[in-house]
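In C-alpha cells below, several structures.
Presented sequentially are two complexes of chain A, the first with chain B as partner and the second with chain C.
This part shows the complex of A and B:
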C-alpha cells in the first residue's frame, strides 16, 4: 500500500513563514530573496566556459563575467542551491517525491512538456527584461515598496489572468 | 541601529555565502510546503480555483513589510542600508506582461520550478531548461534593446517617495488591499467548491 503524502500548509501559515524568512534576510544581509539572477549567472558561466571571448564582447554577459570575474561567486547562487535542497528536504519528509509530468486532464504529457519548455523560455527572457522574477521583484520588491516592483507585479498578474482562458486546456 | 548585520560588518563574504545557503534551504522548504511544487496549484490561481499564490505572496509581503517598518522605527534596522530594486518603468511593465504570459504557459516561476524539479516534476525540469534558454537568448539579443532595458529610469524609489505619502500610510493601504483580496479569494473558492460538489 502506498503511503499517503502529507497535506500542504495553510496558505496564510506558509505566507507568514515566508515573510519571516524574507525579513530575516533583510536583517542579516540588507538585501532580499531571488531566483532568476542565479539562473542567469549559470547561463553566463556556461557561455564563459565555452567561449570566454564571446562573454567579453557581449554587453550583457560581461556584466556578470569576463576577465577574472567568476559569475558563480555570488550570494544568490548559494541561496538558489539552498532553495533546491530545501524543496528536496520538504518533499522527502512529506513523501511527495515522485517522477511525474503534471497537467490537467485535457492535454498529453508531451503537450505539457512542450508548453513547460516554451513558458520557461518566455519567463526566462521576461525575467531579465524586468530585472528579476516573482522572488526578486514581486516578493522582495513588493515588501520594500519599490515602485517598479509593484508595477511589475500588477502587469504580471494582469497578463496571467488575461491569457489564462487561452491555455485552459492545459490546466482545468 | 546595528542591522543589516552584513552591512555593519559583522561578518564577511564567505560567511554570507553560508547564510545564503541556509536562507535558501528555508525558502525552498516553505515554497514546497505551500504547495508551490505543483504547477496545477500555481496555475490554478489564474482560474481563481485555487488562490494559494495570492494568499501566500501577499501574507509574506505584509509580514516582511510591517517587520521592516517596525525594526526601523525601533532603531534596530537602518532602512537606508537596505538594497532597493531600482525602477525602470517600461522594461518592468513589459517584463511583467511577458512573465505573466509565461507563467500560465509554463506553470511555474523560476524559484518554484527549482523546488518542483527537486521533488521529481519532469515538467518543471523542462521549464528550468526553457528558462535557461530564454536567458541565453536575452543575452544574445540584448544589444538590440539595450536602450529600452533602461527606459523610464526613476532610480531607487519607493511608493512612499513617489506618492509623497508616509510609509506607514502606504503599508496601511497595502494591508487593506491584501485583506480585501483574501476575503474575495475565500468567497470564490467556496463558490467553485460548491459548483464542483453539485455537478
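This part shows the complex of A and C:
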C-alpha cells in the first residue's frame, strides 16, 4: 500500500500546481477552469444534431447552439479533452494505468457504476442550477473572491458531509 | 440562415461559392491508400533484410490486411465516380502528365502485388490452412520463388502509392491550399506512420513493437517538419496562398488541425512512444490508435480546406 500511494503527488503540491494552472488559464485564455460546462455543451451538441428545431425553440439550448453557433467551439470543451489526455499521461508515467472500477468491499462493480452515474446526474443538474460546478464555481469563482462562489463552496461541502454519512457503508 | 449572393452571373452548383464536389469517399480512400502503402513498404524492406522470422507481424501478418484495406479504399474511390461505368477508361490510356493516370496504373499494379504478397505469407501465419484447389498452392509456390523480386516491386509501388495520394491533390492548382509540393511527401510519411501504427496494434511481440515505435517517432518528426514547412512556404508565397494558410492560422480549421491532428495525432503519440522506448511508461495501444485517428482526420481536413480555399477572395 505504501508504494501505491507514493505514486501519487502530494495533495499540497498538487493544490499549489492547480492554483498556478488556474492563474495561467486566466492569463492565456482569459477564462478560468470548468468541467460541467463541457458536458452541457456536448449534450447541447447532441440534441442539436438530432433535433435542431427543438434547440432553436428552447430558450436554454438556443443560447449555446442553433443557427451558425457550434456549441463545441468553446474553451471548456478543449480544456476537458486536455484534462483527459493529461490524466492519461500522468497515469502512464506513474505506471498505474489499467481498466478498473474502484469501489468499497461491500458493493459490486455494477452497483458502484449505478450510484456514480446517479450521483453524477444529480451533480450535473445542480451545477446547471448554480451556473457552475466544483471547478467552475468553487475553484474559478472562488479565486476571483466572488461571494456567491464562496457560499456555493461552503454549502456544497456541508451538504456533501451530511449526505456522505448515508452512503458511508458503500466504502467501509 | 446563411445567405450568399453571387453577382458574377455564374451558376455553378458545387463550385460556387466554394467547391463541394468531394465528400467522405476521397479522404477515406487517401487514408486507406496511405495506410496500405506504409504496411507494404516496411514489410518488403524487412523481408529483404532477412528479418521475416524475427519480426513476423511486420513482414507476414500486416500484409494480410493490405489487399482487404485497399479493396475497401478502392470501393470508396469507385463510389465517388460520377460515371461509374466509365472506370475502364483509365486503362485505355497512359497519360504521364496526369496524376490520376499514374494513380490508376499504380493501383492496377499494387493491388495484385499486395494480394500475391499476402498469399505468399499466409502459409506462415496459418500453417494449417489448405486451399481447396491444388492449383492455387502450386501458383503460390511458383511465385514464392520470386519473393525478393516482388518485395522490390512492392517498395517501388508502395512509395508511388503513398506519394500519389498527396500529389493527386497538389496537382490540382486551382485550389491554393493544395497548390504545394509538400503534400506528396507529407502524405507519404503520414501513410508510413499510420501503417506502422496499424502493425503496432497487431503485434504482440515487445521487441517488434519497440522497433515500430522507433520508426514511428522518426516518421512523426518528419511529418512535423513537413507541416511547419508547408505553412512557411504558404506564408512566403502570394497573397492567395497566405489567405489559404490563414484558414489554419486563426481561420475555421485552426482548432481542428492544431489540437486534433498535430496535438493529439502527432505530438502526444510521439511523446508517448518516446517515453515508451525509454521505459518510462508501460507499452499500450493508445499511441497507435491516436496516430490512426490523426491520419484519417488530416486527410479529411486537407481535403475540405483545399476545396474551401480559392483564388477569388
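We take it that the second predicted complex is superposed on the first by the 166 of 172 C-alpha atoms of A that agree within 3 Å, B and C clash if a C-alpha of one lies under 4 Å from a C-alpha of the other, contacts with A are read in each partner's own complex, and residues count from 1 in each chain.
One rule holds for everything that comes next: a contact is a pair of C-beta atoms (placed from the backbone, for glycine too) under 8 Å apart; a residue touches a chain by one contact, two chains touch by 3 or more.
From a predicted model like this one, the values you see are computed outputs, not experimental measurements.
Annotation: superposed three-chain arrangement on chain A; chain B versus chain C shows no clash, the two fitting side by side.
Using the contact criterion defined above for the overlaid structures, shared-chain residue A:95 touches chain C, although it does not reach chain B.
Counting the residues of chain A that each partner touches, chain B and chain C differ, and the larger count belongs to B.
Contact with chain B, but none with chain C, is seen for A:117 once the two complexes are overlaid on the shared chain. In the superposed model, A:68 makes contact with chain C only, not with chain B. After overlaying the two complexes on the shared chain, residue contacts for A:32 are found with chain B alone; chain C is out of touch. When the shared chain is aligned, chain B and chain C each come close enough to touch A:85. Here the smallest spacing between CA atoms of chain B and those of chain C, following superposition, is 5 Å. Taken together, the two complexes place residues 78, 81, 85, 88-89, 97 of chain A in contact with chain B and also with chain C.
On chain A, the positions that touch chain C within their shared complex are 67-68, 73, 78, 81, 85, 88-89, 92-93, 95, 97.
Against chain A, the residues of chain B that register as touching in their complex are 3-7, 16-35, 37-41, 43-47, 49, 51-52, 55-65, 67-68, 71, 77, 81-89, 91-124, 126-140, 142-143, 146, 149, 154, 156-162, 167, 170-171, 174, 182. The part of chain A that touches chain B in the complex is made up of residues 8-9, 11-12, 14-33, 35-36, 39-40, 42-44, 47, 58-61, 75-91, 94, 96-104, 112-113, 115-164, 166-168, 170-172. Those residues of chain C that touch chain A in the shared complex are 1-2, 255, 259, 264, 268, 271-272, 275, 280-282, 284, 286.
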